[in-house]
Each structure stands twice: as C-alpha cells, then as structure tokens.
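The structure that follows is given in the form of structure tokens.
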C-alpha cells in the first residue's frame, strides 16, 4: 500500500523551477532514498511534503489523503515526522525537553488544563516523559537528558533530532541528510538505528543523503533528482550502473 | 490649499527621511535598531543652536559643524555601547544597550540645557517666494534643497564609491565581507558617522524651521522616523527616503483634513497599515529562509 | 490610602510598603510580558498599552458603573486581553523587528486614544479612583499568577511556547500550531498586563496617559530581560531590581536617569543574557548534587 504519492509535483520560486513534474510512490515499510547533486531539489521536496511550501503544480497524497495545502503542523499530526538538513534543535531546552516537544502533535492537554493541573494533564505528562526517556535510551542519549541541546556533540545532535521526530509516533519519517558530518563509526551506528526503528516502529522512511555507501546499503529503492527532475528510480544495483546518474554526478564534478 | 499642505508635508517628510536614513543604514549592516539615533538628531539641533547663538555662525556653517560633531558622537556611541556586544550576544541586548544610551543622552542634555524649549535666533530671512499660487518660505526651500542634496549625495556615495561598495557588501553578508578583507569595523563606524551627520542636518533644520529645540525632541521624532524606515523596508536606503517623505505628507494631510489631536497616531497607523499589506515594507525584499 | 495599608503602616514604614506594592504589580505586569517575549520570543515593546487599557477600563467601571473591585479588575484584564488578541492576529505574521515596531505603534495609538478619550479625562487624566488595592490583594494575586505561570511553563503548552522561541520551523514540524500559540501567548500576556493596570489604577488613585508611554513599555521589557529571559525567577529578579533602582537612585536625584541609562549599557556589556540568564539551573543542580532535576526553567 503506498504511503506517499507524488504526482507531477512542480515548484517554482520566482523564475526558478526548483522541481519539475516529479512522480514518486513510496510503499509502506520501505526505506526509500533520494539522491542527487546539490541544488537538485531534494530538500525542496522534503519541504513540500512537510507543508513548508505549497507545490505550484501537482498532487501530494499521503495515505489516500490529498495534503497539498495543509499546514506543517497538521501534516505533522497526520503522522509525518522529519529531521532537518541544518540541525534545528531547541538549543536552550534540555535534551529531554526537545524530545518531549516532539510529542506535541499527539498530546492533548490545552492551555487551561495545563494551567489548572488537572489529573488528565498530569497523567499525560507522565506518558510524554516516559516515551521521551525511552526514545533517548534508544538513540543512546539518556545519560545526557538534562544537558542543554546545544551542548551536545554534532553527531549526538543529529541523533537527538531523530529521537524528537520519533516522539510524534509517525508512520512516515523523513530524514534529511542524517549522516552529514558523521564519522564512519557513527554512520554504521546510524544505519543500525534506522533499520531498528523501521522494524520496531513499523515506519516508512524517506531518506535524503549524500553518502553513497550508506544509501546503497540501507535503501531498498532510490530515486535520483537532477535539476528538479527525477532522472532515475530503482533498486541500488540499477542506480549504481545507470548512465544518466553517473553523468549527472560526474558532470557536476562530484 | 492642498498644494500648500503637500509642500509642508514634503518639508517635514524630508527631515524624517534624513533621520530614517541613519536607522536604515545601521540596521542594514548590523541589524541593530539604534534607539539612540533620535538623540543624535537632538544633539545636532543643540549644536547648531550653540554655534549660531554663541559663536555667530551662519546657518550653513553651523549645520556643517553640527554634522561633524554628531559624526564623532555617533562613532563614539558605537564604540562604547554597541561594538562590545557585536556578535557575542543576542540582538535584544544590543537593543537594550541602545535604549540605555538614548536615556543617557537625553537626560544629559536635559541636565545641561534644562527642559525648556530653546529658540534659534534669526538665522534666516523670513522671505516668502511665490510659485504660481503657492507660497514658499526661504526655510522651506532650504530644507528641501539641502535634504535633496544630501540624499543624492548619499546615493552617489553608496553606489559609486569604494566605501559605498563596502557598505553594500557588509549589509549583504558581514562575515563574507570580513573574509574578503574589508575592514568591517571601519565600515560600521563610517555608517554610523554618515547616519549621524544626516540626522544632525535634519536636527538643525527642524530647529530653525519650527523654532524649537528641547532635550526630548529626539524621542518622538526618532520613533516616527524609525517607523518611516520600517514602512519603507528596513535596510533599504530608497525605502527610508520614500518612507520619510510619505510619512511627512500623510501627517500634515492628516492634521489638515482629519484632526490634529491624533497627529502622533498617524505615523503609527500608517506603518501598521503598510505592514499588514506588505510585511516586508514598501521597498523591502522578502527574505526566504533556508529551511 | 487603603484602610488595610493604613493599619500596616503601624508596622512597616509606608515608604517600603509602597515599594512592595509596586513591586507586586510590576511582577504581574512583567510576567505577562515574559510570556510573550521571554518565553515565546515575540518581541513586544508596547506592553504599557495593555496596562493602560486595564487601568482605564477597570477605573471607569468601578467609578461610573459601580462594578465591584474584583469584577472591575477582571473585566479590565479581559478587555486588554481582547485587544491583545485583535492586535496579535495581524501582527504575528511579522518577523522580529517589524513585530517590535508594530507593537510600539499600537501602544502609541492607544496612548493617543486615551489622550483624546473624554470619559478618561483626556490629557488631564482620571482621578478619584477608589483605592481598593492594598498589600494583600496585590501579593495574593501576584502569588497566584506566579504559581499559574510556573505550572504552565513546565507543561506541554509551556514547552511549546519555548519551542516557538527556539526554532519556529522545527516547532511546527512537531505539530505545534505556531500562529495559534503565538496569538494565545499574546492574549494571555496582555490579560496580565491589563490586570496589572487595574491594580495600578486602584492603587494610584490618579492616572493619566503619560503613565503608560513608551518609557513604561521599555521599563517592563527591561524587567523581563535583565533577570534572564523566559525564566520566572529571572523576571521576578528583574522586577525587583527595576522597582528598587529608581528608589535607590533617588540618592543621586537629578542624575538618576543618567545612571539608569549608563547602567543598562554596562549591564548589557557584562551580562548580556541577563543576570540569571547565564546561570543554568541544570548546572546549578548538578553542582549542588540534587537528584531531582527540574526541566524547562532555562
């Protein structure tokens, strides 16, 4: 069952056509990779899926629901979580709080409930905290839960972003260059983590990455973007040997 | 009648524009709302007053010296109150520091000169010229001419000189400019100096035109000029000019045709209206964030 | 002078009593602004406008319409909150400094309005306001507000407000409706502003538009920033310092404001994050070896 469907998605910024007629179908439970030279439109695609941009043309369908004009926070509440290319943590909040905020979309205690400290709110707080601590345990940051987020090492910050995104209990997780800046040891850990969360949380994962070994290793299918167009799609083996893909990377001097 | 008011508005607007330029140039480069800028304007008015009253300077000479004085004052303020904060702390703390300077300077002048309104002696003939059915006073002509000259001079400097290019580079990307070998500190000091000089010119002219100089004149004028700069698109030099002129016209028209008791509210009402329709200001550019 | 206060002056010097009452009022006002600016990161430089709405509304209601003290206070605060809501809607689309400018603009418009407002006495102001506010009412309310604020900021909503300040786009990606919450913070903050205003007018007996000008907004902003943004202890400390400072500085009389201005500059240079801002509660607790660590008190 397709979780996410892109039909003819195009995006214009002023005179620039950042995306041009992209079609894509992401099946439930798969790890789907998106690669391409810089400027190909990968992050723009992510931004469209998460509602930060409204596509100029085309349709965006999540689990049979058309979500073209939906606001970011509503898309999050539907169950799409994401991490960011340039880390966007809540710097002056603790690690624990970062993850707790992550579950905002699935919790309910409103302003007045919070003000009055009703039992339902207190119960929910316990749940939120419990889940946050579990997730921190999962990504190996439990010991640092009371640190300020901006005190963490770079690799740890990336893991924190993942934990935060998972707090939403998403069914689709978008990872935007999660391995950027990591050393090889960390990348191996990351791959294990991605596999693990896919299994345990029944996630579908959409991944943008530049690290080819990582992509080829864990993705079941890969789409290649270049200048806003999808130029190839298929399993890693095919993509590796695809003429057009090689050209687009070599052509840009990658 | 209408044209008279338009003229009055342009005159007032020119002075707002001169002040607004200082705000916008500084903001463009260091993203600081220089709350003390209104006080520089006020110091300019006083400097001119002293030069004319005690040293017998003529108007133009007084204005030039006042501009020089305020340039130095502006540079001093930047050095003492803003530079230490640059890059190190949030913009909010720079803002509070600017407010501190504003309070300091206005109080200083109040202590030195008393809170009463001072008046310029006769520096300019009360000549009226007739242009068709319009009556123009000499002072009005002077204000319009001097302002226009200064603004054209500024545009020329910013677009055609090396230092102007450096200013433009800094307003685009301060760090990159630094890495390209531009002496960023000097450019910033220069920007403050130029902005202060313009404000001083405005101060002298307003002091003579309205025949009133007092320590707190910088507060309201500063706020309004800042509103004008924001309305025009903060960081944009043409924006500050247009914003200032429009504000002056609207304010005079509002007083003439609506009501004078709401005079001060007109500036802000206009600002809000403009920002509702065009959040980045008239000439401002929409900054799209990289997500 | 209020009857209770009169009795209290048998034990406490009336001068200090007055300072403590003003402190209580300032804390309430500052906590409101803290919610908007310190916690949610929306720079509001027109908080005095809401204070004036609360002050005038509650005063007129108790004087002309025979409202009880409590009803007058609450209605005044509600009216202020209503305007906060109205102003918030268009304003909160704007970014940083534009937002600040618009808040200044609105406060100025409100001030000019009251300058021309007949029932408020226009420029002359309003006098004869019944002095219902006393030490107990102020501090009772202040303590309630502090407690409510503390609970709010440790809750899911509080975290959401902080998240908006820290990184609005990331906040949206976790399901936070940033626009709605910004407006909510603005409304709640202006409610407190109006409440403080009502307490103020029923203490001062006499108010005029000049009491609520730009300088007042700046004073309140300083209270929020000086102690450390976003934290309740910080705001209380800031209020304390800035309520006392003018009194302390009376020694230097006419040079008072000179010192105040210089103080602001110096403080910002040496403690740009506010006095408590750099002291991290987490670090402190670690150092003191406590096991139970509180969160969300940055």
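Going by the order they are written in, the chains are A, B and C; count residues from 1 in each one.
Following the convention adopted for this analysis, a contact is a pair of C-beta atoms (placed from the backbone, for glycine too) under 8 Å apart; a residue touches a chain by one contact, two chains touch by 3 or more.
Note that the coordinates shown come from a computational prediction; the quantities given were computed from them, not determined experimentally.
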Q. Counting only C-alpha atoms to place each centre, which chain is farthest from subunit B?
A. A
(Q) Taking each chain's centre as the mean of its C-alpha atoms, which one lies nearest the mean of all protein C-alpha atoms here? (A) C
Q: With chain centres taken as the means of their Cα atoms, state the distance from subunit A to subunit B in Å.
A: 48
Q: Take the average of all CA coordinates in subunit B, do the same for subunit C, and state the distance between these two points in whole angstrom.
A: 31
Q.
Nearest whole angstrom, what separates the Cα centre of subunit A from the Cα centre of subunit C?
A. 40
Q | Residues of subunit C touching at least two other chains | A | 169
Q) Of all residues in subunit A, which are in touch with two or more distinct other chains? A) 52, 84
Q. Subunit B: which residues touch two or more other chains?
A. 291
Q. For the complex, which residues does subunit A have touching subunit C?
A. 50, 52, 71-73, 76-77, 81-82, 84, 88-94, 96-97, 100-107, 109-111, 114-115, 117, 121, 124-125, 128, 146-148, 164-165, 167-168
Q: Enumerate the contact residues on subunit C facing subunit A in the complex.
A: 148, 151-152, 155-160, 162-163, 166-167, 169-178, 184, 188, 230, 280, 282, 286, 293, 295-296, 298
Q: Quick one: which bits of subunit C touch subunit B in the complex? Just the residue numbers, please.
A: 43, 90, 93-98, 100-102, 104-106, 108-109, 112-113, 115-116, 169, 214, 218, 221-222, 225, 229, 254-255, 257-258, 260-265, 267-269, 272-273
Q: Quick one: which bits of subunit B touch subunit C in the complex? Just the residue numbers, please.
A: 27, 31, 33, 80-81, 84-85, 88-94, 96-97, 99-105, 107-108, 111, 219, 223, 226-227, 230, 234, 261-262, 264-265, 267-269, 271-272, 275-276, 279-281, 289, 291
